[in-house]
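Shared between the two complexes below is subunit A, which pairs with subunit B and subunit C, respectively.
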Partner chain A sequence: MGSNIQERFRVSNGMAFFLIHTMQIGIGLLGYERYIAINAEYDSWISIIITGVSIHLILWMMYSMLNKEKGDLIAIHTRAYGHYIGKFFSFLFAIYFLLMGATVLRSYLEVVQVWMYPDLQEPIFLIFFAVLLYYTISAGFKTVTGIAFFGVILPSFLIFFLFFPLQYSDWDYLQPVFNHSIKDILLSSKAATLEYIGFEVILILYPFLKKPEKSQKWGQFGILFSTFLYVIVAIVTFSYFSQEQLGRTIWATLSMFKIVEFPFVERFEYLAIAVWALIIFPNICISLWCAGRTLKRAFHIRQRGSLIVMLLIVYVLQLLIPDRETTDLFITTVSRVGFYLIYFYTPFLFIVFHLQSRRRSR
Partner chain B sequence: MMIRIISLILACILLMAGCTTKQEILDDINLITLIGYDHTDDRKSQGTVAVPQYKPDGTVQNEYYSAIGEIGQDIGQQLALQTQRPLVNGKLEIVLFGIEFAEKGVIETNDIFRRDPSVSANMKLAVYDGNVHDFIVNHRIPNQDLGMALTKLIEQNSKQETFPRTNIHLFFRTYFTKGKDPFLPLLGMKDGKVYLKGVSLFKEGKMVSALPASDLTMFTLLHSGFDSGSFVLPVKELNAEVSLGHIDAEPKVEMRGNVNSPQITYTIKLKGLINEYSGDIKGIEKKVKLIEKSVNSVLEKRAESLINSLQQQGLDPLGIGKRANAHYRDWDVKEWNEQYPELDIKVKFQTNITESGVIR
Partner chain C sequence: MKKFFQKWMNSSQQTENKKNEPETLSDLIDMASSSKDFVRYKIKKETGTIYISYIKTLIDMDTLHRDILPYIQHEKQMNLEDLKGSIPIDNILLSEKVPEIKEKLLSGYIILQFDTDIDECLLIKALSASNREVAAPEIEFSVLGPKEAFVESLDKNLHLVRKRLPTMNLTVEEMRIGTTSKTLISVLYVKGTANEENINTVIQRIREIEFDQIMDSSFITQLIADNQNSPFPQLIDSERPDRVSAALSEGKIAILVEGSPHALIGPTTLIEFFSSFEDYFLNWHVATTFRVIRMFSVMFSVFATPIYVAVLTYHYELIPKDLLGILVTSRSNIPFPPILEAVILELAIELLREAGARLPTKVGQTIGIVGGIVIGTASVEAGLTSNVLLIIVALAALASFTTPVYKMGNTIRLIRFPFLLFAQLWGLLGIMVCFCFLLVHLLRVESLGRPYLEPLYPPRLQDLKDTIVRLPFSAQSLRPINLQTENTKRFNKQKAKQKRDIDE
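Right, the complex of A and B next:
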């Protein structure tokens, strides 16, 4: 079920790396340091590694279900809960993906407004963006994957600019290592999971890979690379800011770019924000595509039709959020849902699914 | 397809500029490069800005605007009344504080610049020994942007390793660090020229004292070490003076004992060569050992007296407390501040002169 996708619509296995990695790296990378450092302070780079390991495990669970079912989440839901309840859960997933896309766009707009254009006229800007999203997503999964590929490759040069803040690094701030309780480190790990959510899309796009059973290593590589990036950026940030200073810096990564100076580019962070559009764009595309795909599989709704409705919802949602507090609330709510989805729902589904399929094979 | 979409994204970013109502064209704005703050009376302060004007014939002229107000915004609005074009912070190079203003505290004022996304993290802060308004208005440098000139003066000294690297980011980083006090360059006037007069030391964001210019090199060495620094030192035993150059030195702070009674030793391995020697140059190769020994004891004495005077004032711009925090797991800032003035801090120099009398 669900695996009868024509060969010409499929993408190669290696793309699982880009699809998963690009979903994890997004707007969070601009300012996650402050949140993860709340509990474990400057030991929290350890927390990132712990979270990374746990995410590898969750992805393995997902692949174990997908490989057995040889289908996608909708098929797994049907197998685990039966026809109607399964569809209900799939619908919840569709809403989750839609809201995920909306949060990413919202947080990006916030950065643009604070740093570049305080009097940006959102309604007009969003129309441009919505048209672009429609144009890309309606072209199909292959195009979305291509965007994911470029969304990783093109902005990757930014990593070299960490060299500039590194010149100001003070390693005293990171010492002594392991000076926090296990509880604090785990609490920071919990905060770090928010940076990893998004890889659940594999549950939907699995059948679109050429030999999906063999794609797991690429997916795991994608997570490994995300962990690597988060740890490196966190360590550079911690050596660049003092602890209390970081607590007062909302977009720490972006603030680090403020130190970059070239004779021809006075303010590098503006360039970084513009390039960040390339990072978040595939994020939104994949989320919305997955939402549409879920609706199509569960309720046989045409993807183009649902896409227009979803874009409208995203559009209205952006305009309904008035201030920073609400934005923050919106983002935390969606990411909290993501947290429970990963650490509670996925293992639960894993157990139910395997029990059910064993019962059936008997 | 892909190229088209990517170029569309980029086009979209460009179009974003159109979504904002206010457009600023370089010729239609006044780019501030220098802001100075003075204390006038109990509640008010005076802000003075310098704006370079680039003339069509290639010359630069500095224009000055000044206003008195209670908060920064107040001053900003009054400044706007005097200018034909809007004043913009984007190219701000340096903020100068009059010494009286610095003694009242600079944090609130600086915080505005820290939070302003259009201000670079590499913007300089400095204290001027005197009235900044008078300095800005009276100081005539021909054909140069004043803010840029002062910034270059400070940066040049950081490069020569006579002053540690400094900017607004580092100032706030230190301000928010437990066990380290911030410091800024102190500028002064001599013979109609501005010069680096010393280090102004801060406690809790207020300037409390200053180090003289003679301490600058030693302060830099103890704070951040040398890559290629220099020293001129007397050699009493030989009744001569020696100039060391290309000095490579890394200060290492060793902590022994427990957190309640730490014994602190600065160990500085100093590697350099003799640039100049005022005594008899003949047979200098044989005197090297003696010079090294003499240099060690002179430097140790200087370093210890500098650290001692800082301890007596309860100031820790070198970040010894920060180092202790990194060393001891149960370090506490309150206990540290109490014991800091009484601490026995030793300095050991190990000078190694690698070359002498070589003609380069």
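Right, the complex of A and C next:
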């Protein structure tokens, strides 16, 4: 089931790295430092590593199910719960992916409105953006993957600009290490999971890889690279800001870009925000593609049709959210759902699926 | 109802066609006689009368007078077979099929008949070859290397390619396309190297062309392109036989068209449009540097004016203090917003280019100088445009001319305008959105079914050896993966790289 994708629509295994990595890196990277430092303070880089390890484990669980079923999430759901309940759960996933795409777009537009254009004409901008999304997703998974690839490669030059804040870093901020309780560190770990959600898309796009059984190492690499990036950025941030300062800085990474200075460019963060469009764009594309694919597999809805409906929903959602509080509520709700999906639903499905398939094989 | 209508249409078309198609040879002669350049006369001899017919503007009179008429007059022939034997020209056809005779008559053959009532006749080729001599390339000029360029004759062009590739595997397939023009089109490839699938794609697409006249190879590019709505050319057109031969031996496919001095090469990638064939004549360090410069100039050409508009319209904060002073001084008297200023100047440059291209060379140069210097200086002095922008626009135009393939240069200049529009709408963010559109578009484009952005995406590290960088020839032992060649090795790497020991 689901593995009968034609060869010419598939992408090579290495692309799993970019697909998973790009889903994890998004708008969160601009300001996650403040949230994770609430509990474990400047020990929270340890929390990121702990979260990273747990995510590796979850991805392994997903791959163990996918490899056994040789299909996607919809096939797994059917095997685990039967026909109807399986479809119901798949439907929930489709909604989740759709909302994930909407959240990413919403939070990016928030940054744009706060930093660059307080009076951005959202309705017109969103029309152009929706056309762009339709143009991309309607070209199929290969194009979406291409965007994911460039979404990782092209903005990667930004990481070199972390050297500028490093010149002003004070390493004493990080000392002493390990002066927080295990509980604090774990609480920060929980906060850090929000930065990692998005890799669930592997459940849907698995059959689109050339030799999916062998793609796990690339997926795991993607997560490893995300962890690496988050830890590096966190350490640079912690050494640059004092704890007090960080507590008052919403977008710490962006604020650090502020001090980058060249003879021809000042206020580098403007450039960074514009380039960030390239980072969040594949995020939204993959989410919406996955939502459409799930609906197609579960309910045989034409993906072109569902895509238009979903774009309309995203469009309306963006305009319906009036202020900062609602935006925040929206984002936190979606990320909380993601958290439960990863840490509770996935292990649960893992057990049910393996029990069911063992019973069947008997 | 619909079916009936179609049937009716078809039948009416058929009768119309039938009216135009001659059924017998005498019909054909009658039809041809309505044209003044059709000649027909008879030579009376003891053994019988021979009728000679031809279109005088198509054939070579020398051939007729020197090689045909003397043998007809002085020898005794009883029938066409005798006649065929006595004329010392090879490849004389004996035919009685009227459509074939018609086609041959229209392509410069002479018809010989004994009897006007039967269709059988002799066809002798005497096409006059009026084409220019092989000259130096003008569009893809290179300082080093061969100075030969294709001309308007297919045979000569094939000769130029074949003498560079003396191998039995070089295959030429011919077909005639165009309902009116019946243009001869040759598809060239090296058997055993070029991918079968690619060959079939090209041949099938050319066969499926429905068009009345093919006047140049650029007609074919547009008609067989994968995405006909893309501003990006999907086949390289080259006037250099050396470039075409190199592409053929690499495993690509070339299309030559009768009457066109440009060959088409495919499948190709975006990066290839920015590589000049001269890169292979220089050593690899220099060639790589030039390619990098060309890449940067293309990026500069596309993004320079949009970024100027974006920064001056929305993000003055980006400009450092020292630079701001210069910009303020240059713009203080300008009555227009940046976008208007930029569009006016960009259009002026396009105007100059177009005028220069349409006018005869000598006048064109004058226009370029008058336009470039006089109008530019005058508009700055009058306070209509800022001199900073004038510099940027002029540099961007210059940069767009560094692309070695003419068609790509045009595309580069065109895609700047949507970027300008988006820059005006949303500043840097707009430029990024437009860039995303461009990226997605390039991801969607294919050249003969092969990805256009290769080797960037899908990433193939091995193919990067001849893209933005050009590694030395010793590193180029494999053919590009993108072409999916039947034989991937160009030469034996071990043999080429064999190193001798010291003092041996």
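In this section, the second predicted complex is superposed on the first by the 362 of 362 C-alpha atoms of A that agree within 3 Å, B and C clash if a C-alpha of one lies under 4 Å from a C-alpha of the other, contacts with A are read in each partner's own complex, and residues count from 1 in each chain.
Keep in mind that, in the parts below, a contact is a pair of C-beta atoms (placed from the backbone, for glycine too) under 8 Å apart; a residue touches a chain by one contact, two chains touch by 3 or more.
Predicted, not measured: the structure shown is a model, and the values here were computed from it.
Participant: Using the superposition on subunit A, tell me whether subunit B and subunit C clash or fit.
Facilitator: clash
Participant: In the overlaid three-chain picture, which partner chain does A:241 touch, first (subunit B) or second (subunit C), both, or neither?
Facilitator: A:241 sits against subunit B, while subunit C stays out of touch.
Participant: Look at A:325 in the shared chain and tell me whether it touches subunit B only, subunit C only, both, or neither; answer first, second, both or neither.
Facilitator: A:325: touches no partner chain.
Participant: Does subunit B (first) or subunit C (second) touch A:172, or do both, or does neither?
Facilitator: In the superposition, A:172 contacts subunit B only.
Participant: Could you figure out whether subunit B or subunit C reaches more residues of subunit A?
Facilitator: Tallying touched residues of subunit A, the top partner is B.
Participant: Mind working out whether A:266 is in touch with subunit B, subunit C, both or neither, as first, second, both or neither?
Facilitator: A:266 contacts both subunit B and subunit C.
Participant: Applying the touch criterion given at the start, work out whether A:132 contacts subunit B, subunit C, both or neither, answering first, second, both or neither.
Facilitator: After superposition on chain A, A:132 lies in contact with both partners, subunit B and subunit C.
Participant: Please work out whether A:115 is in contact with subunit B alone, subunit C alone, both, or neither, and reply first, second, both or neither.
Facilitator: Only subunit B is touched by A:115; subunit C is not.
Participant: For A:255, is the partner it touches subunit B (first), subunit C (second), both, or none of the two (neither)?
Facilitator: So A:255 only meets subunit B here.
Participant: Touching A:7, do we find subunit B (first), subunit C (second), both, or neither?
Facilitator: neither
Participant: Considering only the listed stretches 80-88, 206-214, 404-412 or 422-430 of subunit C, which one runs into subunit B in the superposition?
Facilitator: 422-430
Participant: Would you tell me the residues on subunit A in contact with subunit B in one complex that are also in contact with subunit C in the other?
Facilitator: On subunit A, the residues that contact subunit B in one structure and subunit C in the other are 112, 116-117, 120, 124-125, 128-129, 132, 135-136, 139, 143, 146-147, 150, 261, 266-267, 274, 277-278, 281.
Participant: What residues of subunit A sit close enough to touch subunit C in their complex?
Facilitator: 11-12, 14, 112, 116-117, 120, 124-125, 128-129, 132, 135-136, 139, 142-143, 146-147, 149-150, 261-267, 270-271, 273-275, 277-278, 281
Participant: In the complex, go through subunit A and note every residue touching subunit B.
Facilitator: It comes out as residues 112, 114-122, 124-125, 128-129, 132, 135-136, 139, 143, 146-147, 150, 154, 168, 170, 172-176, 179, 240-245, 248, 255, 258-259, 261, 266-267, 269, 274, 277-278, 281.
Participant: In the complex formed with subunit A, which residues of subunit C make contact?
Facilitator: Residues 314-315, 317-323, 425-429, 431-433, 435-437, 439-441, 443-444, 453, 457-459 of subunit C touch subunit A in their complex.
Participant: Considering the complex alone, what residue numbers of subunit B touch subunit A?
Facilitator: Touching subunit A: residues 1-2, 5-6, 8-10, 12-13, 15-17, 19-22, 90-91, 117-118, 120-122, 165, 169-170, 172-178, 319, 322-323, 325-329 of subunit B.
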